[in-house]
Amino acid sequence: MALKRILLKKERTVLVDGRVRVLSDFEKYYIDPSKDFHSKYGIIRKEDLQKKAGSIITQDKEEYTILDADFIDDYKHIRRLAQIITLKDIGAIIANTGITRSSKVLDAGAGSGALACYIGMIAKKVVSYDIDERGLETAKENVKNLVLKNVAIKKGDVYDSKQISEKGFDVFVLDVPQPWKAVETAKKALRVGGFLAIYLPNISQMQEFVKALPEDSFLIENTIEVIEREWAVDAKRSRPATKDFGHTAFLTFARRIR
Amino acid sequence: MALKRILLKKERTVLVDGRVRVLSDFEKYYIDPSKDFHSKYGIIRKEDLQKKAGSIITQDKEEYTILDADFIDDYKHIRRLAQIITLKDIGAIIANTGITRSSKVLDAGAGSGALACYIGMIAKKVVSYDIDERGLETAKENVKNLVLKNVAIKKGDVYDSKQISEKGFDVFVLDVPQPWKAVETAKKALRVGGFLAIYLPNISQMQEFVKALPEDSFLIENTIEVIEREWAVDAKRSRPATKDFGHTAFLTFARRIR
Amino acid sequence: MALKRILLKKERTVLVDGRVRVLSDFEKYYIDPSKDFHSKYGIIRKEDLQKKAGSIITQDKEEYTILDADFIDDYKHIRRLAQIITLKDIGAIIANTGITRSSKVLDAGAGSGALACYIGMIAKKVVSYDIDERGLETAKENVKNLVLKNVAIKKGDVYDSKQISEKGFDVFVLDVPQPWKAVETAKKALRVGGFLAIYLPNISQMQEFVKALPEDSFLIENTIEVIEREWAVDAKRSRPATKDFGHTAFLTFARRIR
Amino acid sequence: MALKRILLKKERTVLVDGRVRVLSDFEKYYIDPSKDFHSKYGIIRKEDLQKKAGSIITQDKEEYTILDADFIDDYKHIRRLAQIITLKDIGAIIANTGITRSSKVLDAGAGSGALACYIGMIAKKVVSYDIDERGLETAKENVKNLVLKNVAIKKGDVYDSKQISEKGFDVFVLDVPQPWKAVETAKKALRVGGFLAIYLPNISQMQEFVKALPEDSFLIENTIEVIEREWAVDAKRSRPATKDFGHTAFLTFARRIR
């Protein structure tokens, strides 16, 4: 993947009902600087797109700023087959299991590889399983595009512990419909003291998981829901955004104790 | 710091109003295995405390499990002069700024060094400033105990950009009362495209910060509040925990664009 | 207004991707039983619509249930010029100010008269002011349709205490952009001990109101935000609804003390 | 019960670490004006306590304001055997079922009679059942003290429809551990179109209720959780209160359709 860049365009002042209204929000584009960029306001040529980060590009009276894409920008634009895990839940998984640059992390189902890619930028090693061929292909493409040499996407069913060969892992994240079927795998793959993180949309499923987890092998640390509330704050007002802050999932963290 | 261990004791069955009641929660102790441990149930000898992780220790009819302390355990027991930043907010800062193992992170005020220590386990380099002597001492002690060679605790006032020499940083986290006074420092210390993260308890202060941030140098990405809600889930019931889930802070993420 | 009725139609089983899927939700129609009702499934004749509450009507293989409309059904279908106050906020106003059937309640701005109509079904007397002609007309129409003889919709500017003649009221609800301009009116209209309820979308406005309220005349009881979270619960799963639960407003309750 | 009054004392300015700090909060006492009141600051004589509402009483250099107790003040001080239902949940029940001054409301278990007393101030008639003798006694005392002639507290088990004789009620509020056992009673006591409101702390219990409710007799409208968040707002700052905003219960509203 060619290195991407971020093109910002500050909104113009506009006339609304006869009054000049300053639109201070930025429009943000994630672009390939090796090609001319066609916006609704006109064409920006690749020579301009390759200027130094922070440069101002003026085109047809419109002003743009060009930046390098960071990992977080690339991450937000990875290929996806379905909804990917939110940043709020990724942050919670990292902070509750203590993932660091020396961690070995196992994850299933891989989905589009979003979590594997994100954790791969932090941890030492990530192995991500799925059984869906299309997902595996997308996940592998994302790993390749982000040049993550420490992330392996593998085909395998975590409900069958024989299909998973990993051992001594620090963290195992399960985002599968029936995580109770993967407890044997978790016991095999995690080192003693390692964390099992369960991601499930329904609290009723989470209760089923908690019921099924063997107390002599795992210690449940906590079950949480992380709610991220966006605020609209500007020079004149401050209030919660009126838009959606929908539910994603509940998270349970358990620890292998034996 | 000697390596610490975690000692778990499964609660006994107890008689409540004539009925046997199984208390399935664990008591968790963070201990120094080079000394005998005195619990309220009796003494556990250091020979036992040095057994392999996952071993069961039986003492006075009580059963314990011994584990190695992970980073997250050590982190939860660092020295603190006051309330330290919560894991929910650390997770949000990491996930919203895209901190990875190649990131260089600047942070002020250091406080007890909690954020610096946590990020130090992930990022390439962390520099943390404060002006309070007692805080600096505690922060340095925590960095030393966690053997974080990539974390520097420095004395300096971030409101005065001349006191801060760092340049080209990827992320700058400001947990100070008047972050608007550190905007010049942020502009100097961050690379173009780098993230400024503001942590403030009051939304009124955040509005003051948003008002003061120069639009030609910084792009505000979002202002959020992260609410972590704990659930009580067991075999029989599932409901939000009745205990406190108090407010900590609002977070604003902005990006240096020039 | 002719008495309205509620027509419920239980959803059919449908074929989705070759599988039979039972849709157990009801479709709900608020109808005028003096006319035939044209649904997308066919016509239901007025003779059927006038059957006893709870009767089943079968039409073109579809099954319907007919009910009388309650006040709450009529309320949900009042005429509106803009978004009306939510039931969650109405409930909070009633419960925090202790509105009972002996209360006299003043309210501004009337808007479409929604709050006035709702409170009018509970309280002894409601007077609702607005300055907008179109709103006043709509509010009066709603009051008439709901046959609320104890609700008066009046034209007047609550920012000017001379325009409001009411005295000795128990509760005064202010849903206006600059409630600090109506403090003099509140002092005049409320009895000593009476409640002032302020409804404002922005917390920054609320802070401005709190700053402006004279401490020697009013005691602030509390400032709250009421969040109503809908859950999807059925035989198989339970989880928060993924849809929107947006912000409406903050509420401050104060009491006239002198 | 003698009529009660509210005595407010504005906090003094105090010295904190050598600085004068103005404490602007009020201390609030719910008092019997027929007796002298002994505060920690001295004695206020009954002659003063009987002054007109809004009067200032000066005693030992301290300044007090005297008010009449409203229903909401009396309500907040009713006798209670255990935690009573919160105002946020009462408001939600009223607003979701459309209780008005013409409503007939049935309720069980009565507990200390809190909900019955509150609704009794609004509705035409309230009948409240419980099986616990001590609760019944307390509830009856509260009803008597608040002079609620339209509220009847009765002994009876709502799990047994034969014990409940009421018919044609508009709303039936169930705050009992196993509401699914009271479905037959609900069907008997509610008119067609009437509302059944279920109050349960655990979502797992609510799911059990939803599963058990016969679809041919009841239509489930919604399941909600109401969260009331208190804010600390003053001249200088605005932020969510750091104190507890614990979970109370989930509410499900269903309607008898046949």
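Residue numbering begins at 1 within each chain, and the chains themselves are lettered A, B, C and D in the order written.
Convention: a contact is a pair of C-beta atoms (placed from the backbone, for glycine too) under 8 Å apart; a residue touches a chain by one contact, two chains touch by 3 or more.
Just so it is clear, the structure is predicted and the values come from calculations on it, not from any experiment.
Taking A-B and B-C together, the pair of chains sharing more C-beta contacts is A-B. Chain centres were defined as the mean of their Cα atoms; on that basis the chain farthest from chain B turns out to be C.
Between chain B and chain D, two chains of identical sequence, the interface residue sets overlap for the most part, with shared numbers making up over half of the total. Centre-to-centre, using mean CA coordinates, chain B is 40 Å away from chain D.
The geometric centre of chain A is 21 Å away from that of chain B, both derived from CA atoms. As a whole-number value, the distance joining the C-alpha centres of chain B and chain C reads 45 Å.
For chain B, residues that reach two or more other chains under the stated contact definition are 203-204, 207, 225, 238, 250. Of all residues in chain B, only 6, 8, 10, 24, 26, 53-54, 56, 65, 67-68, 70-73, 75, 87-88, 90-102, 118, 121-122, 170, 191-193, 203-204, 206-207, 210-211, 215, 219, 222-235, 238, 250, 252, 255-258 touch chain A in the complex they form. Of all the residues in chain B, the ones that touch chain D in their complex are 201-205, 225, 236-247, 250.
Listed in rising order, the residues of chain D touching chain A in the complex are 203-204, 207, 238.
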